[in-house]
Structure formats: C-alpha cells, structure tokens
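Just below sit the structures, each encoded as structure tokens.
Heads up, the next two complexes both have subunit A, just with different partners, subunit B and then subunit C.
What follows is the complex of A and B.
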C-alpha cells in the first residue's frame, strides 16, 4: 500500500475546551488510486487532509495514530524532514489556493521559484523549462504563463495550481474542495485534467469535497466522515448502490437528483453534534431513527461487510427496512 | 395563463457602464457597457415556480434585482399583477414591496448581527406601519417564524444570528420575507451555502409554502439539480440572454440548445444516464464587455453554421411551450416536421 493512515487522532484546543476533530480515522490509498473524502461542513475532512501534511492551524495537533507513506511514519518525522516530504512526495491544492499566488510575480516565475528552492542545484533555465512543460500539460498557453495572477480567470488559476502541485512529481496529491467556487463547466474541465495527470504520472489522489456527486464521477473509492469519524468506506458503487450506514443512506436521499419523481426526501433532521461535547458512543445516534441502547455506549468500529473491503461503522448495519421514508 | 399572470417581463434590459478610468476618459476612449440582462422576456403565473439557471456572470442575479427594482432597468417593462412598475416612484413602490419579497443567498451576511431574531423579523412590519400594537406585532412574528419551520419559536425569538446555524439563519431570512404575507418571492441562490441535508429541508419548506400560501417564486440558481427538483418551468441564461426556456423536466431531460445540452451533460448528478458522454465546452464564458456578433454562444458552439456568426437567434418555440434560441435546432425541427 502506498499510503495508509491508522487510528489517526487530531484535536484542537479552543477556548471552550478540546475539540476532537478527527477520531481514530483509518484509510488507505493504493498507487494510482483516487479516494474521495466526503462529509458536511465541520465533519473533519479538511482537518484530516491538513493533518496528513502536518500543516494544522494553531491549536491543532495530532495526538495519536500513524500516517505511513511507503512505510515511513510521517507523524514521527522531524519538522525539517517533513518539509522535504511536502510538495516533493505529497502535495496539496487548497480550497482558496487559486487566490494564494503572489500578485506581484508572473505565474511561471512563481512555479519556477518553487522548483529552485526544493531542488538545489537546478539552474534557473532548467526550472523555467520544466515549468513551461507543466503549464503546457495543464493546458495553459505560454502566453498566459507570463501573466500576473489577477489577469487569469479562476479556472486558469486553478490549472496553474495543479501545474505547481505536480512540479516535483509527487506520489500523492490532496485536493481540498478545489472546484467549489467554480462553475460546472470549469469544474468538468479541471477534473478531466486531473484524471489525465493521474494516468500520466500514476498519481494517487485524495479528493476532499462536500459534494458527493462530484466525487462519484471522479474517484474510485469513497470515505464518508461524520463528526470526526469515518463512518463508511467503499467503492463508488458500494456507497451509492448499497449504502450501509444510516447517515450515508440519509445523505444520499438529500441530494436532488435527475431521477424521475423530483421529490427530495429531506431525510436527516437536526444538526451534527458539537465536537467540543460529542455524544457518547456513535456520534450519529442522536439523529439516527434506528439507534439502540448499545449505540449510546461505545463508538462502533469500521467492519468489512463484503469481500471488496466495503466497511461501515454501525451496530445496526444489518437493518434492512426503510429508515428514512 | 390559466391562473392569471403574477409577473410579466418584456424585453428587459440592464446595462452597466464600465467606468473607463481617468486616463482613457482623457484620451476620449468610449465607455464600455456590460450587457448584464439583455432583452429578456418571460411571464410567471400564480403559484408557479419559475427558475432561472446559469453560470456565474450570466446575469441571473441582476435579473432578479432588476425585477424587484433594487436596480433600475434600462429598457423594457416589468408588469406585476397587471400594473406596469417599470417607472414607478419609490413611495408607490414601497407599498408594492410588501407583496414582492426577496430571499438572499448568504444567511451570514443578510441578517443584522446586532439585532435579535424577533427584531429582525419585526422590522419590515414596523417600517411599513403594518401593525397597530405590540401584541399584533408579536403574533405576526411568531406566525412567520413558525411558517418558516423554526419551532418551538420561543427558542429563537431572543437569540442573535450568531447563535444560529446557517440553515436556521436562512429560515429567519425566509420568516422576514413571510411576515409581510407576500405573493411573490425572488429567491437568489438561497441554499448554495448550505450543506445538502440542510438544503433538502429548506427546499421542502419552499415547496410547502408554495402549496399552502400559493406563493409564486422566481428562483435563481446555478445548480441545475436543485432547479430540476423545485421548478415548474426553467430558463437557462447565457451572457445576459435566455437561451432556452420550457417545462423543467423537458429542459433537463431533452435539452435543445447546444449550451444547455453541454451544461446538463457535465452536472455531476446521481441517476443521470451513465453512458451519456459529457460535452466539455472549450475555453470559458467570454467577458461580457466584449460584444459578440451573431449568436453569443457561437465562439464555443460545436454545431454552429454560418448564419450564427452574423445573425442573433431569437427565442423560438421548438416544441409546444419549449423555447430555444438556436437556428440549427430550429432548422432541424422544421425538417422533422415536414417529414
């Protein structure tokens, strides 16, 4: 396995106490695979992505678990060693990344500068040549590479971000809500580009998004998070055709679809729990219509339900009836 | 129109002047116009949900604001319940506004952070002098909050916006509109900032209000799956113009205009035929400052003919009630008819 997370714990100390943002999360990504990480706001998906690169904001820290990249535990690395891993082995594109370019520098110089800093001994010409190749791959014309960030559209800037993220040929790319602010057509263009790059460089990806439909189109497998816990993991088909967790079943009903009857079944009522004071046991039990006393005692573990490694964390996973109708 | 028309818009235009800057003004450069809404016509019947969808910059928000006269139109007519309101003065408009309300996109920005929920919802009643005494005011506020699905009401009345979640805030926004007992609502992306489970509950609330209060909506969204779930009729805008309009199910299931076809093919929705190949358009929506001759879509169109480069296609009825602004599709249709 290229990349594996085991029992990862992330906490934030905030004025009101300690928030458990990621709770015993385990995941793996194979080479060339694209894993979707989904959930609603505040579920911990972005925190999990940031924890992988150890770039948690102030007050956040990893309090347990392992993050293995090719057998090396990133949690144990010293900061200087970690700095080498970032961008070279694992790179990340953030939600607002397209607005994080230096406004006073033309695009190609910014990318080349990054290469120069990370690969000492590279000549400026080589770095620029490599940058232009990358921009070309990401379908940015050489002319646009000579422009300033404000002269590019959102879609073009996002392409430049992808070019930058791929500059050192990382093994794993984490993309956090990268198309959230973009129109559907641009979104489709960006994901087509990412798919091509994935094939070309046999790149592994973790795509973080709140939008399950986007992930369904662009990932091999999906992990669904709720209140800091991973509650279900499976292939796209497993999750969409045979969801097991009551939360995932409800979430799928909530998505307006292009199916026949045009009814939206607003399944899940209420709001997710506060991470400062999470409920005992399964985090979903206060909103779950089929919870049993057991659910309120201990957090259910992810267990496999088929040979495909489709796994779910629910004591009532064998419940067959309609939960939400 | 069987139920009577609530709103009719005829050839509505709203142009923004792009200020040229001192230097260009000195050298006598011409002012440039952004044609945000350019010759848009449609009508909405009582109790109908009419949805305007399109990508960012297509003019959908400007259209909604111009109709409510938050922006002054440049040309065309807006007829509300038989009355031409295009040139109405602000005092007379104020009375009408109680019947036309708006739900805004951002529930975090559209409420006064220093006002309690009760005061926010009561404010429209106060400024319009619609209540006689405190008791009547309180009753109306409670009623509106209940209608908006905030119950028990006592839990909300004396809270501040920051105590509420995004979904609850948006419900307060809806209550603020409902308290005036409006007949027509413009909802501009009311759910685009909310999680899907919250969005689903809110869309169902809008549906319920329409059933119970026979409210009429102009619903503005970028999300075609939301448009499909909610609307009776759907109009697709591109660069200030409606390019396709018809019953929502028809526009989504059998789109006519090449732009709509491409747009729908890339919406990542569940249950959309898996074998359908996405039509990915080249490039981006052109800058609306640049005037494009002929059909506005022709630079990105994959089935254009010569005529499209010079002549602007009007909105033509292709099948009963289903309109599209495309010469190629119209021609194909008339060929089929002759057969």
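What follows is the complex of A and C.
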C-alpha cells in the first residue's frame, strides 16, 4: 500500500468554537491508482487534501490519526522534514489554479523554483531545461514559460500547474477541484493529460471534486464525504451501480439523465449540519428518511459490504426499498 | 544567455509600460518636469551659482540688485547661490531619509505581516507606540539630543516617519499571505525566508515605491521645520536654514521678500512635484485607483 490515511481528525478553531472539518477519515491509495473524493461544498474535501500536505490554513490542526506514505507517518514528521516531503513525494494542483502563480514572476521560474529548492546543487540552467521539457510534456509551448501568468489563458495555466506538480516526479498527486473554472472542452483535455501522465509515471492520484461525472470518468475508486465523515468508499462501479448509503443514493438520484424521460429531480431535504455543532451519531440522520434510533447514538463505522473493498458507514445499509422516490 | 537577455528586456519593457500609462496623466508630467529642473540645479549648482554660498560678497542684508538678484543675507552672502546649493541638500536629505524610513518600515511591516500572531503583534504594538508619539516633538527631542549634523537629521527624519510605512506594508502583506500563490509556494516546500524574498516583496514593491515617493516631501518639510526651529545643521546650506536666517533678521519687516520667498517657494514646488509623481505612480501601479 503506497498511501494510507487512518482515523484522521482535522479541526479548525474558529470564533464560534471548534469545527470538526474531518472526522475519523480513513482512506488508502495504491500505486498508480486514482481515487476520487466527492462531496458537497464544505464537507471537508479540500481540508483533507491540505491536511495531507500539512498546509492547513490558520486555525486548522490535525488532532489525531495518521497519514502513512510508504510506512512513514507524515503527521509525526518535524516541519523541516515535512518541507522535504512536499512536492518531492506529494504534490498538489490547487483549487483555482488561475491564481496559483505569483503575478510578478515568469512561469518557468516558478516551476524551476520547486526543482531548485529540493535538488540542491542543481544549476539554474538544468532546472530551466527540465522545466521546458515538462511544459512540452504537458502540451504547452516551452516558449510560454517566459510569459507572466496573466498572459496565459486559464487552460494554459492549468497545464502549467500540472507541469509544476510533476516537476519532481512525486508519488502522489492531489488535484483539488482543478477543472471547476474551465469549460467542458478544456476540462476533458486536462483530464486526458492527467491520465497520460498517470500512466507514464505510475502516479497515484487523489482527485477532489464535487462533479460526480468527472470523477466517474477519471477515477478507479471513489470516496464520498459528508460533513467531515467518509460515508462510502468503493470502485466506480460499486458506487454508481450499487450505492449503499442513503446520502450517496440521493446524490446519484440528483444527476439528471439526458436520455430518459422528463422527470423531477428529488432534492435531499434540509441542509448539511453545522460543523461547529454536529448532530450526535451519524451526521446524516437528521436528513435521512430511513434513520432509526440507533443512528442518533453512535457514529457508524465503515464496514465492508463486498469483497471488492466497497465499504459503507451506515446502520441501514441493507435497506432495499426506494428511499428517494 | 538568451534567457538573461529576455529577462532584462522584460524589466525594461515593464518600465516602458509604466511610463506609457504615467505620461498620459498631465499632473504626473508636471511633477516630473519640476523634479527634473530641481535635479538639474542640484547637479550643476556649482556652475549655475554666481558666488560661493559661504563667501561674503556684498553688503549685509542688501536688497535685490543685478549682482545679487535675491539680495544678500545677514553675513553678506549671496542668497541666490544659497538657494541653488540648498536644492542639493534638500534632495539628498529627502531621498536618504525616505530610504531609511522605507527600509525600517518595510522590514517591520513584512515581518509582522508575514509572521502574524505573536512576534508580529509585538512588532505592531512597537510600531503603534511610534505612531502615537507626536512626530515633531520626537524629532525635536532626537535632534536636540543627538546633535546638529545633517546626517543626524536624516536619521531623525527617517526614524520618525517609518511607522506609517510599516502599517501600510503590513496590511498588504496580510492580504498577500492568503493568496493562492503563497499557498503554492508553501506546498512546493519553500521556506519562509524564500517566500518573503521572492514572492511577498516583489508583490508589495509597487506599494512601497509609491509611498517612498510620497515620503520624500515629508522628509524635506521636516528638515526645514527643524532648521527653522534652530535645530538644523549650521554648517550646510539648506532652504530651511535660509528661511531661518531671513526670519531671525526680520526680513519680513524689512520687506526683503526675495530673501524668504525663493527658498519657501522652492520647498513647496519640490514637495508638490514629489506628491504629484507619487500620487500618479500610485494610480499607475495600482490599477484599481485609475479612473
């Protein structure tokens, strides 16, 4: 197993108290595997991604659990050691890649920056040469490296971001909402590029998105988050064909079908709970049509439901009826 | 080699872009023209001035005459030459004092903004302490304590005007620190020092530049004030010291307007030119202010 998160807890101390942004999350990613992380806004997807690199914003803190990369627990590393891990072992493409370049620096210098920081003794020329190779690999003209970020289009910047993330051939790449601001065509191109890179470098990926269709196309497995909890993990097939958790069933029910008849899309009633004051027990029980008293007492654990490692955190996972009609 | 050349070109073209926008503003152009005149005078004053500014060349407190168009002062020195030489001192002093203020202000502003809680707060309270002290009183005390040399006056002015700079820089750094490109730098594995130097400073530079230009007139006026109060350097010719001697020798009562109007006007003009340039530069460098 390349990468494993076990019972990870992340909290934000905010003026209103302490928000549990990620609650006992466990995940694993094998070498060359692509894991999708889905959920609605504010469910803790981005926080989980940032926690892996330990770059949580002010007030955020990992309060428990472990993050194992090839047997090394990243949570326990000293800051200086963690700085070495960043980019060399785990790199990231950010939400809003449009703004993730320094406006005062030309692109190639920013990509070379990572190489120069981690490979001491590399000459600037070597780093720039490697940068141009990377840009070429990501299908943008190496000449564009001489441009300032504002001179590039969104899609180009996103490619440059990917080039930057691949600079040190990391083992794991976290892609956080990378195509949210791009049009569908560019989205498809970016993901094709990512898929090629993944094959080429046998890269493991965690793709964070709220767009289930994007994830279905580009991931091997999918983890669904709700209010800081991971509620269901499984292969794309398992999740889409045999969803077990009522929330996941609801989510899938919300995807309109273009081919079928006109039908009304059912919304999940209510709103996600406040993370400052989460409900006792299963976080979904206040909105769940089939909740039972047990749901309000204790948080359900992820339990395997088949041999494929498809697991669900729900007491009513065996309920067969139609929940959302 | 090629990349070096192109980078230099980018820098030059950056300045050309700045100038292209800057010159569209008539106020900025007026400022530049006035400043250019003063710079010309400051550089060539030994050639331009008819007399040695320290030499007695005529009668005491003489009125305007073809030989001394601004008259002479209480020691019979030529006022015209003294005003020309005063340009040099005022410019050097203004720029040096502003540089000191910018250096201290930027260092403290960036440090407190970037490192945020704890040490940053302590630095800001320190800045606030300086900010609430009446600047003129502080300047008088420091100048009186440290002595009456022009270098000490530069120091005194620089040391008293930095807090504002620190505040401005800090607020900008606080907002920059939250921007995605800083997050990117952190996640790449950049150290704090590297981030401050390579990513934060270049981004606050426009703000620093505009404010530095605006600090210069303040420094010049401060020197004149200190000279006028009698805390200036008696061995150098500055506009402030000419004004002082005019005032002390009742030039106003005697109607010797050409003794005190030229240095006063020079101070106003130079300050206005810097203020104009500064405001227009601020507008150019910060597009949000453009109309």
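Heads up, the rule we're going with is that the second predicted complex is superposed on the first by the 321 of 325 C-alpha atoms of A that agree within 3 Å, B and C clash if a C-alpha of one lies under 4 Å from a C-alpha of the other, contacts with A are read in each partner's own complex, and residues count from 1 in each chain.
What we mean here is this: a contact is a pair of C-beta atoms (placed from the backbone, for glycine too) under 8 Å apart; a residue touches a chain by one contact, two chains touch by 3 or more.
On a predicted model such as this, the values are computed, not experimentally measured, just so you know.
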Fit or clash - subunit C, subunit B, common subunit A: fit
First (subunit B), second (subunit C), both or neither touched by A:66: neither
Touching partner for A:317 - first (subunit B), second (subunit C), both, neither: neither
When both partners are placed on the shared chain, which of subunit B and subunit C touches more of subunit A: B
Which superposed partner A:105 touches (first subunit B, second subunit C, both, neither): second
Contacts of A:6 with subunit B and subunit C, given as first, second, both or neither: neither
Vertex subunit A, arms to subunit B and subunit C (CA centres, degrees, nearest 10): 80
Touching partner for A:53 - first (subunit B), second (subunit C), both, neither: second
First, second, both or neither for A:146, with subunit B first and subunit C second: second
First, second, both or neither for A:132, with subunit B first and subunit C second: neither
Contacts of A:96 with subunit B and subunit C, given as first, second, both or neither: second
Superposition-derived minimum Cα distance between subunit C and subunit B (Å): 8
Residues of subunit A contacting subunit B in one complex and subunit C in the other: none
Touching residues on subunit A, where the partner in the complex is subunit C: 53, 55, 57-58, 83-88, 91-92, 94-96, 99-106, 113-114, 117-118, 128, 146, 164
Residue ranges of subunit A touching subunit B (in the complex, touch as defined): 40-41, 153, 155-156, 183-189, 192, 210-214, 216-217, 240, 250-259, 262-269, 271
List of subunit C residues in touch with subunit A within their complex: 3, 6-7, 10, 116, 178-181, 183-191, 194, 198-199, 202-203, 205
Subunit A contact footprint on subunit B (complex, rising order): 55-56, 165, 167, 195-201, 203-204, 222-226, 228-230, 249, 252-253, 262-263, 266-272, 278, 280-281, 284-285
